[in-house]
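In what follows, chain A forms one complex with chain B and a second complex with chain C.
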Partner chain A sequence: MPSKDLGSALLAAAFATAVSVAPLGATAFAEGLRIGTSYKLMTLDPHYADLNENTSLLSHIYERLVNQDEHLEPQPGLATSWRQLSPTQWEFKLRDGVRFHDGSPFTARDVVYSIERVRDFLKPPSGGFQLYVKGIKAVTTPDPLTVVIETSSDAPTLPLSLTSIFIMPHKADGFATTEELNSQARPVGTGPYKFDSWQSGEVLNLVRYDAYWGNATAWSDVTFRVIESPAARVAALSTGDVDIADYIPARDVEGLENRGLKVDSISAARSNFLQFDIGRDQPPGVTGKSGDPIKNPFRDKRVRQALTMATDRAFLADRILLGYGTAAAQLFPPGLSGTSVKLKVEAPDYDGAKKLLAEAGFSDGFNVMLAGPAGRYPGDSESLQAIAQNWARIGISVQPVVAPFSVFATQRSNGDYPVWYGGCSGEAVTLCLDAVLASPNTDLGTGSLNYGKYHNESFDEMLVKAKAMEAGPERNESLARATELVMADYPILPLYHFHLIVGHGQKVGSYAVHPRGWTTAMQATPSED
Partner chain B sequence: MKVETIRALWKRPTRKSVSLSKLLLATYILLALVAPIIAPQNPHDPLQIYAWEASSPPLAMGGGGYTYLLGTDGLGRDIVSTILYGLRISLVVSITSTAIAALIGVAAGVSAAYFGKWVDVVIMRIVDLQLSLPTILVALIAIVTLGPGIDRIILAIIIVQWAVYARIARGVALSEISKSYLDAARLQRLPTRRVIFRHLLPNSIAPAITLVPIELGHAVALEATLSFLGLGVPIDKPSLGSTVASGFQYLLTGQYWISLFPGLALFGLIASINFVGEDVRRLLDPRNRSI
Partner chain C sequence: MSIITTVGGRLSQAFLLLLVMSLIGFVGIHSVGNPVYNIVNIETATTEDIRRATIALGLDQPLWQQYLLFLKNVVTGNFGTSYIYHLPAFDLVMSKLPATFELASIAMLIAAPTGIMLGLLAGRRHGSSVDRNVLKASVSALSIPSFWLSMMLIMLGAVILGWFPSGGRGATVSLFSREWSFLTLDGLRHLTLPALALAVPNIALIARLARSGTIEMESQDFTRFCRAKGLSSRRILFRHTLPNISVPIVTIVGMQFGGMLAFAVVVETIFAWPGVGKLLIDSIQLLDRPVLMATLTFVSVAFVGLNAIVDLFYAVLDPRVRLSA
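On to the complex of A and B.
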């Protein structure tokens, strides 16, 4: 019976088409994403160490009460709103209807549990997160969706502090240990992706959490592959082994674009700068032109200003970083909250700089050692040589010295250098203002990166006042004013904010690079077709 | 025999390739000597460098009024000048270190053979220990403990190389000691110093001399390796090796000239030293005396 044969053949053909179409249709809506990352995930404990390595990858599984947007401003996360009840009391309203991956509802108890776990339970070597919660005196829960946090002193930026703390589900008895989280138990959070499997330091597999409270996630599953070498990451992206690769070296961008891959970038929330030894009368490595020891020239503001004027920062950003850098005049790139719009990078003025040096009594210039790490930050050792060329034009002969970062850091703490290359990054500009520019003070926890022992009392006062203000435009304005005041004294020589570069293949339409340098699947939008 | 060694070295070479390599090596040394005169730019003087002309391709016209024949590197240094000045550093480092290593090594080897007993045991065990470790590892440990700088590199290469000479010199000296002319010298009750320096040393030195050019090539390569790894010469005074290293990162962007030309220069230098070394070895080999 030919007609029946034809019919069954048609049916078979139709079925075959349906079978082949169905997965195609499904993949178009729920594709897997493979990310090659430099971040080596070493633990599944979200409170273990405050490093991008952990927070970047674990932010798929766990969420925070407050998120940080691309200007570093706080945005609602698991908390929908917050307000200050008194200078030492904050109330957070929690999101309703949120469920953990194991089905249990998210309530105020989980917030209490997470904060107490970081504050009271975890002991060194775990560290970093304690800083954000050590000022918290008590956490109370008036109702299951409200949390009141009481601090021991004024805490105008508590919401910002909470952008660092991941929320874990509470345990009926005691606290979960790090070993427990790393071994048998699956990490359970409220995030858009569920944990599937991992190999420490190598692979992390995640699958979509269908009951996620927020917008539906774009990818059905996500695989993170740790590829530490930049060249290997670039190669994996070029050959299509991964869809996204983070921390692409600027020199590889052109090659990737030639192969039809796309690149997104943003100024990192950080800066690299030169720091001067201001504390000592006679730092090592500085001599007069005839090789005799001289008094510390960096104590004179005019010398620091002259060196700033004689540094071609545009060259560093355009040529050494190949355009993937922004010449810097302050600690964070302008546009991020708490930065100044008035501070500008001037073109080098060698004649003006020479005049200033002469006024300061160094008309013949001097010899100085300029130290830095090799290969720790983009363009570090090349910058030192370029600066040596710049400064030679105002009579200062520079001996650039580079060393592996560990050696450099040790020698810097030993006080072996007169001028050196440094860097600072963080979740808010206040962190770097405190660490790099505020006077060293162990009680206040300021000046931890102020290796040159710079002191400026009026700046210290302004900074303390600005930090005490409630988050908002006024506080940002005060921070900007304090920055302008201190930078007019040339305490450091800001060089550049290097750009974070992420490359992606055809599957990804765009990737929103975050200034904090996180690498997540949530930042990747699938391409339209 | 001492006179014979020197006479053998003066003999004219007969093979063409050998003359070519000698010519090349002579050119290298000459270029290194006159580098400050012929180089269009002093790449060690920051004032002569036009930073904004960084990464210019070969044959680009420069702001200093001369053409960058081989282009400029990522910091605006003329590649021709960088090669010429780098050559000086590479040659100074390798010749100095090889000469000192040979002196120390031969002295240690001959002493071990002559005095024997515990002197021999101590020296030769140190030599064994050192030769059992990979060269680059010993050099790396030396540089990391001594710190960077040209003098430290020379010291590191000496530490690596002296053991090779010591072992060879001891072997030869041991066979010389059993010969009758040395017995004669000792029976005349000549002072120990005179026996060693006038009789034993000159007769044990020939094999060590054949080793010198070979080790010289190794020294150039070792300095280049250390500099390539960032543990060598200061960054503002690049040798051939560190120039290749600094250009390495630009290779993928198509700026081949920064690494390629210094790399070719380095290759030619090591090759010519090795060929000349082979020639010296051939001339001093007793089995080839008839040539």
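On to the complex of A and C.
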């Protein structure tokens, strides 16, 4: 072992000399990048499941027509520009001179193929992506670099929907099956990295695609190692086994910084909140102080408001998330499109809350079960404990119930809980407004996370109107107004937007954390020296 | 004739065991929760998505029907497709097997000789300081939780000394169309820490067993006779004591080896070692029933097989077993 150490030390010294002598920019010498990620790559089919678990790593190989910047605004990807021909027609101009990794040129046929594969070919359990293309009636190709997409109803945000669809090269003999993509064939896309090898749930090796249309990437090859345990990810980063590690627990940040490693973070495009059962007269798990059944208190807006006033959200963000969280007053962090700048998190007011409770007829308080998943989101179970103490101050005795996510999700949809901890994320705030706050409606596809059956007609109307507007400041303004209107009714209790924390070693100069939570080599810039 | 009945009895027992195990596993995973919430993106999926995925997976059928269908498929050698990875479940288990097998083997290759040597030494010098130290060390080694031991090994071997990597499998070489890492230097470096983490409690267990066996044997008449005959104490220890205490040791080595194949969950998770144990716990957490059932079946078969091997060893080690059969 000593001789080998000496050898590698000499090698490193020689390498260091070579680097310092050569007049090279940061991108000029080829270096590999090793990333430890919590995302387990489940499949190589880019259309199989709409989970960051897959899309984050596959975005090295495949690209979309439209990309999303750090404010979630659409940016040109494989499409250079787009315009609306009529309320139900969009025209996309495609990038010229793009070639797939197998050398075939990228044309409109590939776009048609990819959209149709998601819409018509893939069957459940694959899913999630259909949502973005099910409104598409027809895709036509006037010329090889133009695509006209016709939708069955108004689609003002079609470009945003297409930020989720990866483009695959078309096949002459029918659609590629998921099994094919997983087993024999090497996945072929237009992205900055080519597929080299993989082991599902273990490792993914990528090499630079030299004929990439965009800016040359800084890394000659990229190795992703799936390390699911956060402690093991931190250890791998500390020992230099990986150059980047994602989802660093807040409590480990200080230790990493002491070791000379750097940490970047950003507020995630999501929120975690408490939801109330509003639909039922007598939800389970709520009783009066003497244990007798009572009428559903959460139907009264004053109760929901009192609970919100009695929750110390700044404490959750500062102490439980150690500052790597922002106290929330709405679904997405302020600053992202469609959020309100007016909604603020108030400091807790226990006396005011008690007064409101008394007005609502609950001067003695009540007993309630507060349910949540354990270890699914940063600070989930700890938050429930803190909230239980907060609410005790206004006479509400809380029994926190924590379960593994799969158990929790099953119980929640069975309707076993009166109040529970939930979360929502997505490519745009409209997705969460639709899912969490809009009334459940199967035809419109709204309210899929509205397990508490909250109804607010005026909000529903405002949201439908805002969604029908063309993308731009006016639409964002209307969404913000709708959010303000609905939040004044305290339909949910927003807790916090946790921060995505990514740590990196010396090889990486900076890492641009994306609010969608992707972990990619493209976000890493090599250090200057 | 008697061999045929023994084997037949063994096989029918094994078959019954597999059936009971599959029933428990099937009902157990069903009662934990609905896997569909792990398959669709719960934060964006619509009710319709969830309903269609439920139907596609056959989860809308009554449980007994799902179970019968599962049994029918297993008879034809089909464990189904993983809900999560969309790969054939049994292939997935088999692809994780080499990693686990080499880890468990190396851990046992460390644990068995070390444990036996320590146990013989301690038992031979019963009451001495060596004996007391072995006893103390084995108690603490057995009471250390394996996650703590693993973290400490990473701390020492990877973070402070920097000799070993903190996790992962390292470079592999293809042999029998499977990937193995014990054949490369890098792979061996990756193997060292997790193998140690698995070996330490087993060293303690085997050492205690060997020690108590040795103490018992030392007081037997035949040992005293050997000593009276003038045999060296080393010869007594290795030629007479060791074979006599080896039956319980072989039993425990077999059981522990089976345990490491299936349930080295903690060590595999902390060292990001892509093995069967990690697959098992992942499939429980994600409610990936096909993979869970394939893993459990594999584990049961492995235990049955190991037990058969252990029984064969009895016959090799103990002439009385041979004679009675």
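Couple of notes before you dig in:
Simple rule for what comes next: the second predicted complex is superposed on the first by the 501 of 529 C-alpha atoms of A that agree within 3 Å, B and C clash if a C-alpha of one lies under 4 Å from a C-alpha of the other, contacts with A are read in each partner's own complex, and residues count from 1 in each chain.
Note that in this section a contact is a pair of C-beta atoms (placed from the backbone, for glycine too) under 8 Å apart; a residue touches a chain by one contact, two chains touch by 3 or more.
Here the structure is a predicted model, which is why all the values come from computation and not from measurement.
Using the contact criterion defined above for the overlaid structures, shared-chain residue A:Q385 touches chain B, although it does not reach chain C.
Once chain A of one complex is fitted onto chain A of the other, the partner contacts of A:N54 are absent, as it touches neither chain B nor chain C.
Contacts of A:S425 after superposition on the shared chain: chain C is touched, whereas chain B is not. By the document's definition of touching, neither partner reaches A:T308: not chain B, not chain C. When the two structures are aligned on the shared chain, A:D252 is found in touch with chain B, with no touch to chain C.
Contacts of A:S114 after superposition: neither chain B nor chain C is touched.
Of the two partner chains, neither chain B nor chain C is touched by A:S478.
Considering which of chain B and chain C touches more of chain A, the answer is C. The residues of chain A shared by its contacts with chain B and with chain C are 404. Those residues of chain C that touch chain A in the shared complex are 32-50, 52-53, 55-57, 83-87, 92, 95, 151, 154, 158-159, 162-163, 165-169, 269-272, 274, 282, 285-287. By the touch rule above, chain A contacts chain B in their complex via residues 249, 251-252, 254-255, 312, 315, 319-320, 374-375, 381-382, 384-386, 388-393, 397-404. Of all residues in chain B, those touching chain A in their complex are 45-47, 49, 51-52, 54-55, 74-76, 148, 230, 234-236, 249-250, 252-254. Listed in rising order, the residues of chain A touching chain C in the complex are 1, 42-43, 45, 48-51, 123-128, 130-131, 178-179, 182, 199-203, 225-229, 231-232, 235-236, 238-239, 241, 270, 404-407, 409-411, 413, 423-426, 431, 435, 440, 442, 445, 448-449.
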